[in-house]
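Labels for the chains are A, B and C, by order of writing; each one numbers its residues from 1.
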Amino acid sequence: MTLTTEPTTPAPAVTKRRPARNRNVGRTLRRLPGHALVGLLLLVVAYPLIWLFLGSFKTQDEFLNKPTTSLPESFTNFANYTQAWSSVATYLQNSLLTVLPSLALIIVLGTAAGFALEVLVWKGRQTTLMLFLAGIMIPGQMILLPLFTVYFQLHLTGTLWPLIITYTATGLPLTVFMMATYFRAIPKTVFEAATMDGASVIRSFWSIGFPMMRNSVLTIALVQFFFLWNDLLIALTFTTDDAQRTVQVGLLNFTGQFGVVEYGPTFAAICINVLLILAIYIFLNQRVMRGLAAGAVKG
Amino acid sequence: MASVFKPKNLLAAAGVVALALSTAACGGGGDDSASGGSSAKNFSFLAINENTTIASTLTTLSQKECATQNTAQPLDIKKQAQASLDQQLQLLAGQGALPQLFTAANAPSLTSQLADNGTVLDAAAVSTGVQPAASSVIKALYDGKQLVLPTELNIEGIWYNKKLLADNGITTPPATWDDLVAAFAKLQAAGVQPISAAGKGGDGWGVTRWVGNYILRQQGPDALKKVADGQAKLTDPQYVAGADAIAALGKAGYFGKSPTSIDYATALNTFLTGKAAFIYMGSWALSDFNDESKNKIGADNVGFLKFPTVAGGAGTADQTPANVGTAIAISKKAYENDTNTQAWVKCIVDNYGTVALRDSSQITGFKTDAAVEVPALTKQIQDEIAGVQTSVLWFEAYFSAKATTVSQGNGGLLGGGQLTGEKFMQTVTSNLS
Amino acid sequence: MPAAPAAGIRTKGRIQRMHSVLGDRKSVAILLGPALLVYSLVMLLPMLWSLGYTFFTGSVISGFTWAGTANFSKLLDDPALPGALWFTVKYAVVITVGQVLVGYLLSLLYVFFLRRAGSIVRTLVFFPVILPTVAVALLFQKFFEFAPQTGPVNAAIEAFGGTGIDWFSTPGNAFFVVALMDIWRSMGFYAVLLYAGLLDIPDEVMEAASIDGASTWRLIRSIIVPLSLPVLVSSLVFSINGTLKAFDSIYALTGGGPGSATTPLTLYMYQTSFAYGDYGYGSTIALTLTALCLLVTVFIFRGTRRDTGLG
């Protein structure tokens, strides 16, 4: 499992990078602080994760009455996992079913709009861009009440559509704005030439513009995924039923009588989430991350 | 640049998108039963995560006592986090879409508002089986109206660890404030945490209840009502004195190491594992007191103390703080035109008390079957409740939702000795309007 | 990130032909239409709708009554507002700078130190991004616990002879933990983002910077940073867009406490509208936030225009 690979680093460069022998010792010494830094970094990131994993085996009694740093008494205590699994599967499915379609819509609609705003030439595009820009400023809380009313009137309450629609709309402003910025860097002659060749504008967007933006698309997709996956506000407002809860809202649910946090099942639920995400991630990793790091637009 | 473009990749991506979209459409198609129409398909109840007793009791009822009603209109429970309950109720009420039965709002003022515009049923007519004590508590809270069903009926007071007190030479439970504070000092000197109190975020009521009760004991049972009616201010010296008395306990460290980082569960656990001698708590915690896996000090080791009198004060110890805890309200619109719902509500009123007491040790405001056997501690509290002559409400009962949040949010700081009584009262007052 | 390398190709001062093939109205409608429609219906319209509420008082339950400018005069007198506003600004500045700075340092570490061996490190550091906010908040609450259990952080402080700190009881400490949490969970994300940008810098420049050790830092300062400026600006835009409107992490970690010391405008607005049932005033607070965002966005917008436009 790798986050990014560097497939584009040309082979000759690697040979060039190899330092001369006599500089080796000094270099190793000089790299020591670096190693220490990486070690510290890994500790800071990994320790909480390991602690989380260990916590998923602890009982509520251990959480309340044993030191926080202690190891679980039993590593075969899967009761937390059995309790968590029943609901987590649904939450995860809901999160994926809302975030992925929204993400796809954001990317396709946003890139197309960015193309139309930056590459195409028409009156009023500057104003329209500013209009989208205004959307970056709108706080999510501002649109909740009107949207709730509308979704209810349209009988969408009780489905995942309110989430998908709202996510798509809230993701668009930043995407459109960033896409427009990226398109600005590409000479218009590229598209003009293509269009002269007989391809329609739509076709030249789809077959030249969009692929050319692959890097940026992946970057934005990553950013939006991060925002949407972690959304609590919108999901909290538009879901009343357990059947539509996303992971974020679902985790709030692992509380018992009087809001007692059931740490064990919560941690188990988090671990299940992380493992499943990891599986999806490994599956998508090759394509996504290669694209991200490839620098396909280089030169 | 053209070499970058690979049609295969794009096609695959498009496929994934299409798939995701179509499954979203299917997966999202849940049932739409939230709207309480004239003959609703389901008997919907909006529960909160933080209270499992109501949901489990209703489920038991639907399987047994109310099975007939459940066949006509199956029970459907939806859950919300307590923190977002008020928001959900407002949004749903704005659409006229409240379920038949729902957890009453955190802020009593919100339920009153809902009643004022005709969304909540005045349950007086359906409350034939409700005990008078519960009715009077509800009416005191909702301005003379019976807006909720008493799924709980609690009294509050100071619970103590009999053994810890005896071990430290406190042979008789303190009956006055001065005795109590002397006991705290004695315990503190012996290295025992005197009081366990929650003060983290909204759990700050664990501290503000002390303030309210002190004021009621000193100024008399109508002291807080006077503030609500505008005859007195919380910043008046006699009220500030109440907050100062609690701030003094905080300064002395009687509330433990850091009340601001203690939540409800931790506070209760501290007491139940014998690490603190006293805790202010409501009788809703009886189920925990009776639960051997949680209560490590033993149920017969737990004593109940009425909030003590303050020297020279106008209040007496038998003016008992009481409340209906997490109660449920009925949607007027959904109830009035739906005979199935009416039958369900009647069945709940008739049977809820017995089932909740039998299965969850929960004392409710409904009448109960006398045959239910209860643990000794529960029996003692039942008798206490039956003997209540005058009940009083908690510190924030008449506050607006905002002032309640502010008061409870600052309670922990008061209990940690980080706020003076005056500053606390000023902060609360500025949010009262 | 394409902006930097492509900038060189860009022909400056090229005359745009208004009637070129790229001016086809139908194409504009097809490409722009869907996004504009969704955006207008789901964001612009509801926002205007909500702005209308600033002139009303009441809630969905009690009904709305015309209040004129009462909400605005209330805003000026509100003792809680300056605190919330200040916290929002402080939070946005500290977290944005922290996220991007730490992310950038990490990306430099990836490029110059770890090179190809760093994929596992990159993945691990990226990991907290996909942890749910609620989970991260729970984690940090436990880690910085003071009582009744002593969390690992305080345990470490005590092991080195210090006294444990009650992290969530004073505004300063609580802010510190919030900031640390938000930087911790997002640094890997910005690191990857900036790393991808650094990879776009021509290899020869990187070579020179990494081999000639003595002047590495000078090279970073005078060559690498200017070259990765567009990516840095993008990261800043992403970051500030999130931090100004931060809600989830604060809501889950401190709930706005102690008292109201860590309450940003978003949380204050949410409480006012939904918990306190004053939607009109809530909208007025949101308007304040929107105005703040407007200032920042216009500021950044100008910045990006200059940076990426002229390359």
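The definition used in the following text is that contacts are C-beta pairs under 8 Å (C-beta built on N, C-alpha and C of every residue); 3 or more make two chains touch, one makes a residue touch a chain.
No experiment lies behind these values; they were computed from the predicted model shown.
A count of C-beta contacts for the chain pairs A-B and B-C puts A-B on top.
Seen from the C-alpha centroid of chain C, the farthest chain centroid is that of B. Between the CA-based centres of chain A and chain C the separation comes to 14 Å, rounded to the whole angstrom. Note on chain placement: the centre of chain A and the centre of chain B lie 38 Å apart, centres being C-alpha means.
One inter-chain figure worth recording: chain B and chain C are separated by 37 Å, centre to centre, where each centre is the mean of the chain's CA atoms. In chain A, 145, 212, 252, 261, 297 are the positions where the chain touches two or more neighbouring chains simultaneously. Under the contact definition stated at the top, the residues of chain C that touch 2 or more other chains are 60, 145.
Residue positions of chain B touching 2 or more other chains: 84, 87, 91, 94, 266. On chain A, the positions that touch chain C within their shared complex are 1-6, 8-10, 13, 16-17, 19, 27, 30-31, 34, 37-38, 41-42, 44-49, 51-52, 66-69, 105, 109-110, 112-113, 115-117, 119-122, 128, 131-143, 145-147, 150, 165-166, 168-170, 172-174, 176-178, 181-182, 184-189, 191-192, 195-196, 200-202, 205, 212-213, 215-216, 219, 222-223, 226-227, 229-233, 247-248, 251-252, 261, 263, 266, 270, 273-274, 277, 281, 292-293, 295, 297-299. By the touch criterion given at the top, residues 84, 86-87, 90-91, 93-94, 106-107, 110, 113-114, 116-117, 119, 200-202, 256-258, 260-262, 266, 270, 275, 400-402, 405-406, 409-410, 412-413, 416, 418, 427, 430-431 of chain B touch chain C in their complex. For chain B in complex with chain A, the residues that touch the partner chain are 1-2, 4-6, 9-10, 16-17, 20-21, 23-24, 27-34, 46, 49-53, 78-82, 84, 87-88, 91-92, 94-95, 97, 263-266, 269, 273, 284, 287, 293. Contact residues of chain A toward chain B in the complex are 61, 64-65, 93-94, 96-98, 100-101, 104, 108, 145, 148-149, 152-153, 155, 157-161, 164, 190, 207-208, 210-212, 214, 236-237, 240-244, 249, 252-253, 255-261, 287, 296-297.
The residues of chain C lying in touch with chain A in their complex are 1-7, 9-11, 14, 16-18, 20-25, 27-28, 30-32, 34-36, 38-39, 41-47, 49-50, 53, 60, 106, 109, 113-116, 119-135, 138-139, 142-143, 145, 149-152, 155, 184, 186, 188-189, 192-193, 195-196, 199-200, 203, 207, 210-211, 213, 234, 237-238, 241-242, 245, 247-248, 251-252, 265-266, 269-270, 273, 279, 282-283, 286, 289-290, 293-294, 297, 301, 304, 308-309, 311.
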